[in-house]
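Before anything else, here is the set of structures, which you'll find just below.
Each of the next two complexes has chain A plus one other chain: chain B in the first, chain C in the second.
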Partner chain A sequence: MSYRPCGVYHQFYRQDHAWWQTKFVWGKMIFLGIFIFVLFPKFAGMYLISVANVVGYTILSAMGVQLLIGYCGQITLGHAAFLAMGAYTCTLLMLQLHIPYPIAMIFGGVVGGIWSVLFGLPSARVKGFYLIMTTMAAQFLTVEFFITQYVSQIGGRGVAFSIPPGTVKIGPWMIRNDLDVYYLMAILVVIFTFIMANLGRSKIGRAWIAIRDNDIAAETMGVNIVYYKLLAFFVAGFFGGIAGAFWVTSLAAVSPEHFHFGWSLWLVGVILIGGVGNIHGVIFGSLFMTLIPEGLKFFIFILTQNPFFVNIMPFLPLLLEKFLFVKEAAFGLAIVLFLIYEPNGLSYRWWQIKNYFNLWPFSY
Partner chain B sequence: MAVTNEVQLKVENIHMAFGGVQALLGVSFEVKKGEIFSIIGPNGAGKTVLLNCINGLYTPQKGKVSFEGEDISRLKPYQRAQWGISRTFQKLELFRGATVLDNIRLGRHIHMKSGLLSCSLYFGKTAREEIEHRDFIEREIIDLLEIEHIRHKVVGMLPYGLQKRVELARALALNPKVILLDEPLAGLNLEEVEDMARFILDINEEERWQTTCVLVEHDMGVVMDISHRVMALNFGEKIAEGTPPEVQKNPNVIKAYLGEAEDLYVTRR
Partner chain C sequence: MEIFLQLLITGILVGSIYALVALGWTLIYKCSGVLNLAMGELTLIGAYVCLTLYHWGIPFIFALLLTLLIGFILGILTEVLFLRPMVGEPVLTVIMVTVGLAFFFKGLVMLVWGTDTVVFSPPVFPMQPIFIGKIVIGQVFLWAFVASLVLLVAFVSFFKFTKWGLSMQATADDEMAALSLGVNAKVVYALAWAIAFMAAGVGGTLLGNINGLNISVGYLGLLVLPAVVLGGLNSIPGAIVGGLIIGILQNLADGYLSRYTPGGVKDVFPFAVMVIILLFKPYGLWGWVRIERV
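The block that comes next holds the complex of A and B.
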């Protein structure tokens, strides 16, 4: 729960239902919009843009995971499968049938959604650990088996589908470089956030949260549990499919290793660190999980530039070369530390700070 | 409202066993529209199990539940809720992390019509619907149960008595035809008991609500005061049914409560 600044009163329920209830918040949001769409792309270099794209991709991918785990309480460890379905559907439609990118992307979302419902079906019967196993099955059956063995053979191209430059365009807008990808990403993140927030504050989101918190009470109050669980799987899979189809734009070639099991785990880590059960969690988690490793890489890079440090730590260049391992070790460490010291995630700290300032100078 | 002669809820010959434990052994009864029908009985008599069979959380091995003349035995709990059967629980089953308002809003679930697309966009239809239901909740429920001051509070943080009230509010938000109340007075202090008994009478009698109540309760004083008819269970069997004075005088009932005999006559003081 968050508090309004004191002195803000409402006359209509409409005002109490609004997202941004004061002029100040409106101002902040407008500034944020200007920053994302104008200032950042104008002043950030190519490197920062590419990092931002990874952050955005992580947000888009983790949104579905947040929906399933954080909102509906259905633990999933196979989300990369739905990203892959979206990416492959979109790519194949573009390459084989020459369908325009936006339509192919929506198809990717729908296929991801249906695929996800397929693997969500057991959730009608099983909970917790067993559901984790079935979602892991989704990962391995889809990516390691179905896509690697069969889908990749379509058109006789071998393991990867390379996307010729100029294939991806939305109307007249050709998506060629990282900056184009950045704008597409920013638009999608805004749309995803908008949809997720709206679902969260209306009938469907409340039903999901009710199932997560107390399924017996939810069912007693008239919530069709099986239907709403499957709906959660569908929307999460749809988000996943769109995210996968989006990422196609920044890949030279689509291949199964972009959607490995590690990425599914990574996404769960994102929401654990960011905070389970709210949208801020996705955004903070994605920022943290992308920026910290980048920062670490940059730090090691700086160290390797200095012969003195390389002398006392001769393994430094190797670390940089094999940075993936450092990243994964840091991931493990971060999860452990967060579970111990900040189990509610970064978003909880954010609420606390925000409420503190709203109530300032009184602490109650 | 006056009790009608129309049978609203009919339970026939319910048998329910858990492994070797026979919780219900052929219980039958009828609840008339507009009644406060109470079910009493010592601990472990099977009262909660009976409510669970009525609202569909348990499927009895034998027997039939009909609602307004239709057999609802095969329906899922959520379908029975859509038919107009709502309930509260002996051990509170609230959404503890959510606010009071959000808990009550879930009770409006079956009356909301927005689909996936309009929920995603929110503007227009869903926004209007949210306001309408908010208005309903504020005017009809929060006002009736006197919980204005806690509407934005997180339920888990509230004192027990208020949590019980929120659960009643949520059950009422469904706009039910029958409400099953499982020990709504348990654990409340005297003042809260009086409030709660008044609320039960309100939802039964007020022109606006006129809800049939099935009440499971140990507080004999209140039960005998407000019920139209009472049924007594013991070890899963019906041992008595009738008006409060009839049941109080019934020798089977007195025997069942042997040792706690004064329970039957003495109100909590």
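The block that comes next holds the complex of A and C.
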């Protein structure tokens, strides 16, 4: 919790527990809402919208990772497996049984959750490094074996399931282009953030945080550790499944390559850079990890357009051509440097800045 | 029966390479408590360096020795630059640093050497297989086995009989006591990383000789994890035996189970084994049992 500005006093507990405590914050949030739902889609071009969709997908996927790592302290390196389960369940239900998209999406979430609990079961016996190994095994067993070899055979469509245009619709609202995907993404992000924030401050969230901080003490205080750990795995898998089912809308075809091991690690990196144990962390991490590489790419592109810079640095066009690898290396370096120099992540910086202005000019 | 023997022997030969890389992994864990998830990328770097040197016309043996030297330098650099600031941090933070390193190294490797499969040309080892009774063994496998055996013996005798090896053992056993007896922990950590880099580099080179070299050789680094979990994380004999067993199991699964599935058993079977071990015997064969009720 951050400090309140000078001169704001609370008289009721209700005020103390409110998310948005002052008129200024209300105004800020309403402006943010208008910006996301009205201004941004109206004025941003198609390129920015598609970048925003990637940011939103990263937020949705990283939310479950944040829950497991940041809140419950159970490191997961196989979250893409749960995304994949959600995406494939949703797609198969739509293509094979012609179930409407929203219901298929919720089924995808439930299957993702159950799958996650299945691989979370060892967490009742082991923790730390051994649990990391289990979740990693989940990634390989699910995506590389189960989905690639078995699930992809259903219906005889080949490895990639292409989704005919017009299949994905919510009631009368057909999701056809990036703009529709953007609106769906924005709604889902708001819902996810709302659920996550409120879970975090309820009994369940307190139990998770207790398990993260000291599991033995939590058990002595009467927290049912196994139950709450498995609940954390279920909710995280559910978030993952929904996120995967959402991403189906913007993919022309669902295939196992979208859910590889690198993406699992990427999600962990997102919350490490954003800040662990903090919802802001997910959002800042996703923004940083998507916008910085895009900006970098744009910068290199501009440099290559100018013959002067290309003469100085002849490797520039090659760099642009192999940008994917540059991005990967930069991402790895970013994780390492953040862990060494800013272990609390971007959200801690944000918290400091906010408090500085809230307390200004009397900082003591 | 011939099929079984064939699979068994191939498994042992490949498993010896896994054992070599697993040895490097265990060493880092024993000495500095770092659980290294970047092992696959270390194998990639070593393999590509050796390949480049070989293609420059340096004889294979010297290329391999140079790879060892470069691995030594890179290992020390990695430790000093990235791991030393993390001494004393929580275990999971350090694991994440190694994940970051994995991305970094992989990105660099793909940037420098590309993603196409390259082979050692001209081939280092003769192509004709050797026949023992009805069992066929490729010479590559045999030489890889010999090379990893030599290196395993070299590394193990380094621990047993040299001053530095003994101080590494002492640090692994009890860091505080070792420090008070004048062991330089910094040098020991750096040495552990250097040896891991060297072992991984040789392992990668040998694997690259078998199947050609591309980014999927880095997958070996992940196969090391089932091996060390099976052997117990902090046991050097455990790592060697674990590597051999994983190699054998992988080949047996490939031989016997792949007809019941559409494919891909070979790649995931070690992980399935690992999950089962984690459920029933999480400390492996010879790991230190730390009873932690969860």
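One rule holds for everything that comes next: the second predicted complex is superposed on the first by the 363 of 364 C-alpha atoms of A that agree within 3 Å, B and C clash if a C-alpha of one lies under 4 Å from a C-alpha of the other, contacts with A are read in each partner's own complex, and residues count from 1 in each chain.
Convention: contacts are C-beta pairs under 8 Å (C-beta built on N, C-alpha and C of every residue); 3 or more make two chains touch, one makes a residue touch a chain.
This structure is a prediction, so every number in the text was calculated from the model and none was measured.
When the two structures are superposed on chain A, do chain B and chain C clash or fit side by side?
fit
Go through the superposed model and pick first if A:225 touches only chain B, second if only chain C, both, or neither.
both
Looking at the overlay, does A:352 come into contact with chain B only (first), chain C only (second), both, or neither?
A:352 sits against neither chain B nor chain C.
With both structures superposed, pick whichever of chain B and chain C touches the larger number of chain A residues.
C
Kindly classify A:328 by the partners it touches after superposition: chain B alone (first), chain C alone (second), both, or neither?
The answer is second: A:328 touches chain C but not chain B.
Please indicate which partner A:15 is in contact with in the superposed arrangement: first for chain B, second for chain C, both, or neither.
neither
Once the shared chain is lined up, is A:306 touching chain B (first), chain C (second), both, or neither of them?
Neither: A:306 stays clear of chain B and chain C.
Between chain B (first) and chain C (second), which, if any, makes contact with A:96: first, second, both or neither?
A:96: touches no partner chain.
Once the structures are superposed on A, label A:134 by its partner contacts, choosing first (chain B), second (chain C), both or neither.
After superposition on chain A, A:134 lies in contact with chain C alone.
For A:206, select first, second, both or neither according to whether it touches chain B, chain C, the two together, or no partner.
A:206: touches chain B, not chain C.
With both complexes superposed on chain A, which partner does A:150 reach: first (chain B), second (chain C), both or neither?
Second partner only, chain C.
So after superposition, what is the minimum Cα distance from chain B to chain C, given in Å?
9
Residues of chain A that sit at the chain B interface in one complex and at the chain C interface in the other, please.
Residues 216, 225, which sit in both footprints.
Could you pull out which chain A residues touch chain C in their complex?
Counting only chain A, the residues touching chain C are 75, 77, 122-130, 132-134, 136-137, 140-141, 144-145, 148-150, 153, 215-216, 225, 262, 265, 268-269, 272, 322, 324-336, 339-340, 343.
Give every residue of chain C touching chain A within the complex, in rising order.
Those in contact with chain A are residues 35, 37, 82, 85-86, 89, 91-93, 95-97, 99-108, 110-111, 222, 225, 229, 233, 261-265, 267-268, 271-272, 274-275, 278-279, 282, 292-294.
Quick one: in the complex, what on chain B touches chain A?
55, 57, 76-78, 81-82, 86-87, 89, 93-99, 102, 105-107, 109-110, 112, 114, 116, 119-122, 126-127, 129-131, 134-135, 138, 152-154, 170, 174
Help me check something: in the complex, which residues belonging to chain A touch chain B?
1, 13-14, 16-17, 195, 198-199, 201-207, 209-210, 213-214, 216-225, 231, 235
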